[in-house]
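Scrolling down, you'll hit the structures one after another.
Heads up, the next two complexes both have subunit A, just with different partners, subunit B and then subunit C.
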Partner chain A sequence: MATVSLRKVVKRFGPLTVIPELDLEIAHNEFVVLVGPSGCGKSTTLRMIAGLEDATGGEIRIGDRVVNNVEPKYRNIAMVFQNYALYPHMTVARNISFGLRAAKLPKAEIDKKVREAAEILGLEDLLERRPAELSGGQRQRVAMGRAIVRDPQVFLFDEPLSNLDAKLRASMRVEIKRLHQKVRTTVIYVTHDQVEAMTLADRIVIMKQGVIQQIGSPLEVFQKPHNLFVATFIGSPAMNLLEGEIVAGGDGPALALGEGMVVPIPDRPGGRIEVGQKVTAGLRPEHLVADLETMSTLPDPWHLDATVTVTEPLGSEALVMLSLGGHEVTGKANSAAMPEPGHPMRLGLDLRHLHLFDPETERAIY
Partner chain B sequence: MVTGFYHRMSISQKLAMWAWIFLIPAVLFYSIIRFYPTFNSFWISLTDWDLLSEANFIGFENYARMLQDPVFWKVFGNTFAYLFLGTPISLVIAFVVAYYLDQVRFMHGFIRALYFIPFLTTAVAMAWVWRWFYQPVPIGVFNNVLSALGMEAQPFLRSTTQALPAILAPAIWAGLGFQIVIFMAGIRAIPDSYYEAARIDGAGKWQILREITIPLLRPTIVFLVVISSIGFLRIFDQVFNMTPQGDGGPLNSTKPLVLYIYETGFDVFDMGYAAAQTVVLFLILLVITLLQLRLLRAT
Partner chain C sequence: MTVQATPVDAYESGARIGLFRGNKPIRPGRIVMWTLLLMGGIAMVMPFIFMISTSLKYPWEIYDLRLIPNEPTLENYIFVLADGRFFRWFLNSLLIATLTTVSVVFFDSLVGYVLCKFDFRGRWLVFIAILSTLMIPTEMLVIPWYLMSQSFGWLDTYWGIMFPGIMTGFGTFLMKQFFESVPDDFIHAARIDGLNEFQIWWQVAMPLVTPALSALAIFVFLGNWTAFLWPLIVTTDTDLYTIPVGLASFSVEAQVQWELIMTGASLATIPTLVVFLVFQRYIIRGVVLTGLKG
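This part shows the complex of A and B:
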């Protein structure tokens, strides 16, 4: 249980600046996920918090203590590595107790803690096995066990699920969440998978090239992306982007999308749009709808004609790639009423969820 | 006709055929140059062959003679002295050097090359240089240093107690480069995350060394123990070149089994007895190697 704060933290590797300047405040017991594409500096940030990398500049605090020059072992943290870092020659029990043995705890206490951790993680029957005899998910749990026995102030996770297959990843996600609910501790979790970030985080920190793009709850970053990068990084399938221009419409501004397609822009407080401005419009696939029921709730001017190019049935629903006024877009349709490729399709745009970005600064302007 | 036959063969038959075609040179070489003489020496060890006259079967007489031969037992002891001193000392030195050299970035390649050079140098040349090192003042470097420090000069190669370690030293030194390189490769192969996890978990240097580095180096260590054991059991060049007349003196105090076999066979021409000693050496090597491979598999 501790806060973690990074103030004006800089990291350079020789001439290469990985983190130009980073500020981040993490609250008690908060589950924060650092997410971004590879090379965005998220792992480096985590490793600086762990003490495995020195910060070139700035200040890192855990609790009230500045830890820049504190050895990892004195930071009271625990870390789960991507490859789990389980020692192959030790049994599960010895792997879990490694840190406790390092701390020279009495044997009885070590045994007790190992048993407790094993119980929490369902590892009781595996304590005498070696890592090679375990499945990926079990190894992952051992790695977490090694972290929880130490009762750390802060848990650090470095892409812990990326070596697992999709199904196991989903179930381990649930387990990590359950673990956090059980062992209330500050968690900093690094991943490149936005689904993991969305499902696990109290707050998501989205990074790109060492710079924080946005910090917010999963819903916030999904619904109100600050810029194009966040808009396209979060959400799957990715948000549709359409180049367009603001024009004067019948009542208020409208969005011209080319080939004579013009849609009205609903009034929204805080929008900074001017007629004549070039914009990048963003609309998520789930807001490009084709089923009649949903379409009937949308006003008439929000309906447009498109041509189906490819369909991807997913079972309960289907993704439809469409050509909309020369733009390639992805929409969602009812898989029962799947149109054939090449056919025209009437489409409803849910413009209440429209995003507009300045194409130059890439910032959200509406 | 031939092509028809070839085309009728299944793919796995063709693969097997080509494999054997490529293996034949090696199989022939090993059969004629290595396996045949090896098995032949078992036979010779049961005869009184002296290179000139006809070999007569004499049963286990050579082996019985060996048991009664004080020189054989002296030599046998020397051989194990080389083994039991040489292997652990060289491995410990090689590990310590590799462990620290791995952490050195400054002139890393150059320093590593310096350690490797003795391994590339002819044993004979090295043996002679070291032989000079051990000479009395004013030729011998070691005695010059001792006398400069005001200490008593040492007889080294002239002493029955000092000669064996004095010969062992260059033998260890010669193999060090190879062992260091192998150890470094082993150390490098241990993932960094193991050390990082250990650092976070609060392990000290000693715990990391004892619980992570050394256990994970076990395959490397077993490999090097096997290789260097075999090397020390077969020690010859250094002894032959560093003792006067190459006789493993003084008073047989440095003579290893291989040198005794050489003398028995090619000075005395007692081929039967030499072969019997060879068989004993072969069995020792076999047992030690099997034992060590078993240890390796236990991991």
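This part shows the complex of A and C:
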């Protein structure tokens, strides 16, 4: 069982506390993505699991074994690095087999494993080349091959796609996902790219300043962010945020957004809102609908007057920047029915997806 | 698909590297630069040519400054090579320079690697201590070395000649700086791959700094090949002389046998020439990277 468990893990670099206290349980065969901005402690966490950094406190388990004092080579892990870390003086075959040769495995077995890995990753024709003779994507595959042949309990990926161009990154994402389906091993993957996190993960761990902000499935963190940080970090373009106040409406509480704009707050179980409370309201661009055709598909949209400032066609849809009661917000529209900049329009709000946050604690309250 | 260079391409590429200048006048700055380089080149090469020329002269002709001897002769070479001492000194120099070079390359790179890639208390203190040894001139160290050699019975031994140079502050500094260019991820990857720290240094880090190793090896080899002061002081047995010390022995109170000294010196340059010719691209790279002259 390749579970990974971090209990009260602390990491300090001298006087600087990078990870105050971290608890994380990763299930067998799970694909977990640690995501967050630079300096949030995600790579440090991964390196502590790998044994490349010592944990200052707490306990790290791989399977049923505490590994805090176990050297990296005995942790039964494999790691793919951001810059691939392929030994430039060795051929692809030697790079892939390097760990196996260090473990003094029989040559026949090494050859077999290298062949299998090369087959899985489509590297058969490149085995005698050196890393300098490979493209970025090929190097990345070799780095994965080096990880595969070790048959590790846990795969660790440290921003493996960040050096690739957008197109290659998309295809490598698919390859990594396919690889996970093939080898069925626990994967811990670090990235600052929320698209990678959303597309690859079984569960996403969102971190900020060494603290886990939320753990959940991609859909869960997207639809039910626990706080403002998660709400704005996940989703592209970012969620629109508007300051407002809870007021008493006709059928229950409503949200006053200033300039006479009041929107009803749909009844939802678990909401902790009171009249007079200051709130930060959040609505994703896809729930600010800027074309009539899409609006007609919504069950009960709320309408507000806005002015289109800029449009950004993306192909099938377009981003529409709008001025809404003095606030700059981003909505979406069907490209075919894209409004003209400078024109006033009625904006459709899908309030079923409204989020409310406490401006002080930044926690979700609705 | 093959691409053929058109005459225009050839012209453009030629013009880029300064082959064709058309009607453009050559800039005065360039003329000054070439003149200075030419003068520098002549200043460098002349002693070498003069050394060869003198080695081909009879004793009565050596104070004639003409470069081409009136009666060229190989007698000096025959004399020096027939005298078994020169061959012995040549082997002594080769042995000492080779062993010292191997030792320096091994230990300096090991210490440089540790200082670069390991984080331990007092690391900077150790590094500064090593660096500070570069500021002490050899002349100041000679007397302590001699007293030490005398105490340990190392006078007139190979070890006595070699021991001051088996590790160098310069080499440690050079290698530490080069190891800075080796990304830590290689080392981490090797740790995960199951190598121990010595294997990581030997199998992963060392191949990545081959140019630096070559440059260091060349500097150290040449330094030891031409070393004079310490081997002169520590040896009295002529069988242990190195080539520079042996050549100096041709100069005695009554007479300086310039033709023999120049012949020996000419022969002694052969290994250094070979080293330069084989490794010159590494030397250039080493000088460029370290800003140090050979």
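The rule is short, and it goes like this: the second predicted complex is superposed on the first by the 359 of 366 C-alpha atoms of A that agree within 3 Å, B and C clash if a C-alpha of one lies under 4 Å from a C-alpha of the other, contacts with A are read in each partner's own complex, and residues count from 1 in each chain.
The working rule: a residue touches a chain if its C-beta (ideal position, glycine included) is under 8 Å from a C-beta of that chain, and two chains touch if they have at least 3 such contacts.
Predicted model, so just to flag it, every value in this text is computed and none were measured.
Colleague: Clash or fit: how do subunit B and subunit C relate after the overlay on subunit A?
Modeller: When both complexes are placed onto subunit A, subunit B and subunit C end up clashing with one another.
Colleague: What is the contact status of A:A50 with respect to subunit B (first) and subunit C (second): first, second, both, or neither?
Modeller: Both subunit B and subunit C are touched by A:A50.
Colleague: A:A78 in the overlay: touching subunit B, subunit C, both, or neither? Say first, second, both or neither.
Modeller: In the superposition, A:A78 contacts both subunit B and subunit C.
Colleague: Now for A:F98: first (subunit B), second (subunit C), both, or neither, which partner does it touch?
Modeller: After superposing on A, A:F98 lies in contact with both subunit B and subunit C.
Colleague: Output check: A:T297 vs subunit B and subunit C. Expected answer is one of first, second, both, neither. What do you get?
Modeller: In the superposition, A:T297 contacts neither subunit B nor subunit C.
Colleague: I'd like to know which partner A:P88 touches here: subunit B for first, subunit C for second, both or neither.
Modeller: both
Colleague: For subunit A, what residues appear in both contact lists, the one with subunit B and the one with subunit C?
Modeller: Shared contact residues on subunit A (touching subunit B in one complex, subunit C in the other): 50-52, 71-73, 77-79, 81-83, 85, 87-89, 98-99, 102-103, 146, 150.
Colleague: Touching residues of subunit A toward subunit C in the complex: what are they?
Modeller: Touch residues, subunit A against subunit C: 47, 50-52, 71-73, 77-79, 81-83, 85, 87-89, 98-99, 102-103, 146, 150.
Colleague: Which part of subunit B faces subunit A closely enough to touch in the complex?
Modeller: These residues of subunit B touch subunit A: 191, 193-194, 196-204, 207, 211-212, 215-216, 218, 299.
Colleague: Applying the document's contact rule, which stretches of subunit C touch subunit A when the two form their complex?
Modeller: Residues 183, 185-186, 188-195, 199, 204, 207-208.
Colleague: Given the complex with subunit B, which residues does subunit A contribute to the contact?
Modeller: Per the stated touch rule, the residues are 50-52, 71-75, 77-79, 81-83, 85, 87-90, 98-99, 101-103, 146, 150.
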